[in-house]
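One structure is given below, represented as C-alpha cells, and several questions about it will come after.
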Amino acid sequence: MADYKPNEMMTIAAARALKNEDVCFVGIGMPSAAANLARLSHAPGVTLIYESGTLATKPTVLPLSIGDGELCETALTTVSVPEMFRYWLQGGRISIGFLGGAQIDKFANLNTTVVGPYDKPKVRLPGGGGAPEIAISCGEIFIIMAQGKRSFVDKLDFVTSVGHAQGGDSRAKLGLKTKGPTRLITDLAMFEPDPETKEMTVVSIHPGVTREQIQENTGWKVRYAAKVAETPPPTARELEVLRDLHARTARVQGEAA
Amino acid sequence: MARILSLAEAVKSAVHDGDTVAMEGFTHLIPHAAGHEIIRQGRKHLTLIRMTPDLIYDQLIGMGCVDKLVFSWGGNPGVGSLHRFRDAVENGWPHKLGIEEHSHAAMANAYEAGAAGLPCAIFRGYIGTDLPKVNPNIKRVKCPFTGEELAAIPAHRPDVAIIHAQRADKAGNIMLEGVLGVQKEAVLAAKRSIVTVEEIVDDFGPRSLNAVILPSWTIGYVAEVPGGAFPSYAQGYYPRNNAFYKEWDNIARERDSFLAWMKTNVLEKSPGAFAAHARKMRTAAE
Amino acid sequence: MARILSLAEAVKSAVHDGDTVAMEGFTHLIPHAAGHEIIRQGRKHLTLIRMTPDLIYDQLIGMGCVDKLVFSWGGNPGVGSLHRFRDAVENGWPHKLGIEEHSHAAMANAYEAGAAGLPCAIFRGYIGTDLPKVNPNIKRVKCPFTGEELAAIPAHRPDVAIIHAQRADKAGNIMLEGVLGVQKEAVLAAKRSIVTVEEIVDDFGPRSLNAVILPSWTIGYVAEVPGGAFPSYAQGYYPRNNAFYKEWDNIARERDSFLAWMKTNVLEKSPGAFAAHARKMRTAAE
Amino acid sequence: MADYKPNEMMTIAAARALKNEDVCFVGIGMPSAAANLARLSHAPGVTLIYESGTLATKPTVLPLSIGDGELCETALTTVSVPEMFRYWLQGGRISIGFLGGAQIDKFANLNTTVVGPYDKPKVRLPGGGGAPEIAISCGEIFIIMAQGKRSFVDKLDFVTSVGHAQGGDSRAKLGLKTKGPTRLITDLAMFEPDPETKEMTVVSIHPGVTREQIQENTGWKVRYAAKVAETPPPTARELEVLRDLHARTARVQGEAA
C-alpha cells in the first residue's frame, strides 16, 4: 500500500463516488480534482459542467478559476451563464452537484457567507455563488470538506445552502423533490444521511483513523451506521493519476505566470 | 450607435459619481483597464454590481470609489479572500460598504430580465437559505397555474455596463467568444455602456452564423485597449495570469502594500500600460 | 443518452397515441420526414404544439392525427392559408380540432420556461388584445417590486419534441446552425425527443467555441435522414423549395387532391424518399 | 413621371418613412419590400430585423418566408427566437415595427385572427404571430394595407393587436409607453393619428386619388387633417430599385424551385 496524505484519501474517495453516466456540476478546488480524477480513471464518460458555462469539458490540467480557458477549449461547447443556470441547473439536467463550505452542520446545511453575525462579521466569506441553487436543483449533492471543530459545527452562523434542513422530512416539506446531500466525504471518513432522521452518519472510516479522532474534529455528537466499513485505501493507480494531474497543473500554472 | 473613443474619454462620458456600474466578466474578459481608468478619474459613491467581484472590484473598493456592492461571490478565484473587500465589510476601511447579496442564479436571472426589459425575474431559488432574511430584494411570486412559490428579484438595470471583448469592427459591432458570462445581458440591461476590445478590425470576416455579437446600435462607447483584460484573459489572445492572482493575495493583504501598489501600477500609469501585458502574454503563450 | 435508430424505430419508441408533440422549426430545419413517419404509423389524438404550424402540420391535421393544436401563427409563409387547418377549424373536417392560441412571444417564452424547468413564463404581452378572452391559459402576475401586471402562461412541457438538425456525432451530440428557432428549447422542455439529422459524422471538428450543441445526454433518439427537412431547408445543405410551398396551396385546397397527394407521396413512401430531395437540391444549389 | 401601380406607390411611400438610423422589425410581404427598398435607396444604414432571429440582415432578394437562408447568410448574426422576443423586441431595442392585417379600424387596431365569431369563424386567418407584442414593444408602428370596405371596418371581429385602443388616452391607460401606430400607408393615401382623438386621419393623398375613392374603400367616415398634402409620386429611381428587387426575387425563387 502506497503512502498517501489525508487530502488525497478524501479526493480519491470522492472520485470513486462518481459514475460514468453522471452529469456533474463541478466547483473549483477539491471537487474539481475529484471529478477529473474520476474522469481520468474509472469514469471516462462522466460529464463535467462548470458554472462558467462549459459543457462536457475535459481539462488536461486543473483550472485555478471556474472559467479558465482550458475548460472552454476542451468543452463540447460553452453557453452563457444565464443559460447555464436556467436550462442546465434549474432545468434539472445535472445529476450530481459537488459542494464544500466553511461550516457544515449535522444535517449537511452549509455556510459560505459569514463567520459571526451577518451585519458585523468576524470573517466575511466569499458568499454563496452557485451553491444555494446547486443545493436544490441537482439530483443529489456530494460534499467534500476537511473535518475540524471550527468547520463541523453544531449551529451554522448562516445557512447559505440547504442540506436536509432540520432533518426528517423537513427538506421535502420545503417543496424540494431532489435528494440533497447523499454523501459527505472528509479527510477522516464518509458520511451518509440516516434514512429516517437525515442526520449525516459515518458509514466508512478511512484507514488508520479512529472514532476518537472523528469526534474530536466534529462539533456535534457523531453517529455511526449499524455497519461501518473501512474505506479501501487509495490504489497505486489512483494516486498516480491524481499526482500526475496535480503535477501537470503546477507545471502549466507556473509556465503561464 | 457606438462611438469609438479613447478609454479615458469613454469613461469620462459614461461614468459619473453615484452611478450604478456593472463591470462584468466571469473569470474571462474582465475589464481591468477600464476599472483602473475609473480609479484614476477618481469616481466616488458608485454602486457596483457583479456576480464575481474579484481583483478589480477589490481595487475599486480599497480606493474608496464604492458605496455599495451587489454581488453573489466575492473572492479571489482559486486563491482565497479579497482582502480589501473584507477590510471594508469587517472594519469599514476606507469607509463603510453597503452590500446586497444574491446567489449566482439570482444575479444571472436579474441580468437576463434586465436585458429582456422586464421589471423582475422569477426562478426556483433561495429555498431553505438565510439570504432572504438579509436581502429585502428577494421576494416570492406564486405561479398562477401550479401554485408553486418561486423566487422573485428585481431586474438589474445599471446606469453603465462595462465589458471587455475580443474584437470590434469599424462600425462598432462587438464580437465575443469563449466563456461568455453575463456580459451580453449586462450591456443590454444597462442605460449606457463601454466596451474595451483587444483590437478593432475592418470586418469580422468568416464566422459562425450564430456568432455572439452585440450590434453597434446597442453599444455606447468602444475603446481599443489591447491587453485590457490582464491579469484575466482574452480567449485567442493571451491566457489568464494565474500567478498574478496568487500574488494579489500578498499585495492586498495590508493597506500600505495595497496603496503603494495602486500608486505605482494604476495612479501613475495609463491604459497604454496594458498593451505591454498583452504582448508579453501572447509571446509567452506561443 | 441518445440512441441512434432508424426514423421508423425512433417514432415507434417515442410517439404514442394521445401524446403532446412539438415538432419545431422556424421556417428552417422543419422535420418533415418525421412528420410523414407519424402519419404512416397512424398516430391519433395528438396534441400538437408549434409556433408556426405549416405544411407538415396541415398534413397531420388533414390526415386526422390531431385533436388539438397549440400555436401562434398558422399559415403557409408568404403564400397564404393552410387549407387543411382551415377546413378543420371552419368545417370540422376530418374531425373537430381544438385550438389553444397564443402569440409568438408567448410561445417562445413558454418553450424557454419549459427548458428552464419553470412552471410558467412571465412577459410583457397580450395588452389590449382579445386573445386572453378566448384562451384561459393567459393569466396575469403582478411584479412584486413595481406593481406592473405581466402576462403569465404555462410552460410548454411536451411529451415529445421532434426537430431536424444538420449534424450529429457518433456519440449522439447534435449541432445546429443558422436560423435556430425554438428547437433547442423544445428538446430541453420535452420528456422525450427525436432529432433527425442530415448526417452523422465522427466528430464535429473545428467549430465556434459557442457552437449551438445539444449534448447527447439531453437527447432521446437520433435518426439520420438526409433531406429530412424538405421542402424546408437545411442551412449549408440545401435551400428552401419555395416552389413547393406555392404548389401546396393547390394540392391542399381540396380534400380529394390532398388525400391523393398524401397517398402517393407519404403513405406509399418511406423516409428514404427524402434523400432524393436532398441530393437534388444540393446539386441545384451548387 | 413614370407609370406605376397603386401597390408600388404604397410600398414606396412606406419606404420613405424609414430613416437611416431606424431599427426596423420587418414582416413578410409589403413591409419587407418597403424596408429593403429603403435600405437600397435613401437609408442604406437602416437596420432590418426579422422575427426568425436574423439581426441587421441585408438580403439581396426578398425572402418568401420570414426565415429564409438568405436572411441568415446576410445578417450580422442570428439569435434564437426566444432571445429575439425577449432581448430584442421586449427589450425595447426596435424603433419601428411594420404591421399589416386582414382588418383595421379607425384607431388602427388590427385583426389577423378570424373573420366572424372566434368559435365558428367564417374565415380562420393565420393568427397573431408576433403582432400582439410588436404592437406594444416597438417605439412606433407603421401599418401598410391596401384599402377596401372588407378590411377597413367600423368594428373588428377580433382585436389581435392593439393600436390606439378606443382612441384618446385609452392606449396610454393600458400602461403602454410606446407610441403605437404613427403612420398608416395604403394604396390610396397616408394616415396619421389625430393628436387628440388618435383617430387615423388622412394627411396625404396619392396622386390621382379622390376623397370619394378613399371614402368608398373605408368602413367608417374618413377624417382629413387641416392640411392634406399630395403624396409625391414615385421617382424613376425608386421605381427602378423596387422593380429590380422584385425581378431578382422572382429569378432566384424560380431557380431554387
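So that you can tell them apart, the chains are marked A, B, C and D in the order they are listed, and the count of residues begins at 1 in each.
FYI, a residue touches a chain if its C-beta (ideal position, glycine included) is under 8 Å from a C-beta of that chain, and two chains touch if they have at least 3 such contacts.
These numbers were taken from a predicted model, which means no experiment stands behind them.
Across the two interfaces under comparison, C-D and A-C, the one joined by more C-beta contacts turns out to be C-D.
With each centre defined as the average position of its C-alpha atoms, the distance from chain A to chain C rounds to 40 Å. The centroid of the Cα atoms in chain C and the matching centroid in chain D are 28 Å apart. Rounded to whole angstrom, the centroid-to-centroid distance between chain A and chain D, based on C-alpha atoms, equals 57 Å.
For chain A, residues that reach two or more other chains under the stated contact definition are 72-73, 78-79, 86, 90, 137. Touching of two or more other chains is recorded for residues 112, 116-118, 123-124, 148, 178, 180, 185, 209-212, 235 of chain C. Of all possible chain pairs, the ones that touch are A-B, A-C, B-C, B-D, C-D. Those residues of chain B lying in contact with chain A across their complex are 26-28, 51-52, 71-75, 77-79, 81-82, 85-86, 89-90, 101-105, 108-109, 111-112, 123-131, 134, 148-149, 178-182, 184-185, 233, 235, 239-245, 284-285. Across the complex, chain D is touched by residues 1, 112, 115-118, 173, 185, 188, 209-213, 215, 217-218 of chain B.
Contacts from chain A toward chain B in the complex involve residues 28-29, 51-54, 63-69, 71-73, 78-82, 84-86, 89-90, 109, 113, 118-119, 121-133, 135-137, 158-162, 165, 171, 174-176, 253-257. Residues 116-120, 122-124, 137, 139-141, 143-146, 148, 150, 152, 154, 177-178, 180, 207-212, 235 of chain C touch chain B in their complex. Remark: chain A residues 21, 23, 47, 55-56, 72-73, 75-79, 86-87, 90-93, 137 touch chain C in the complex.
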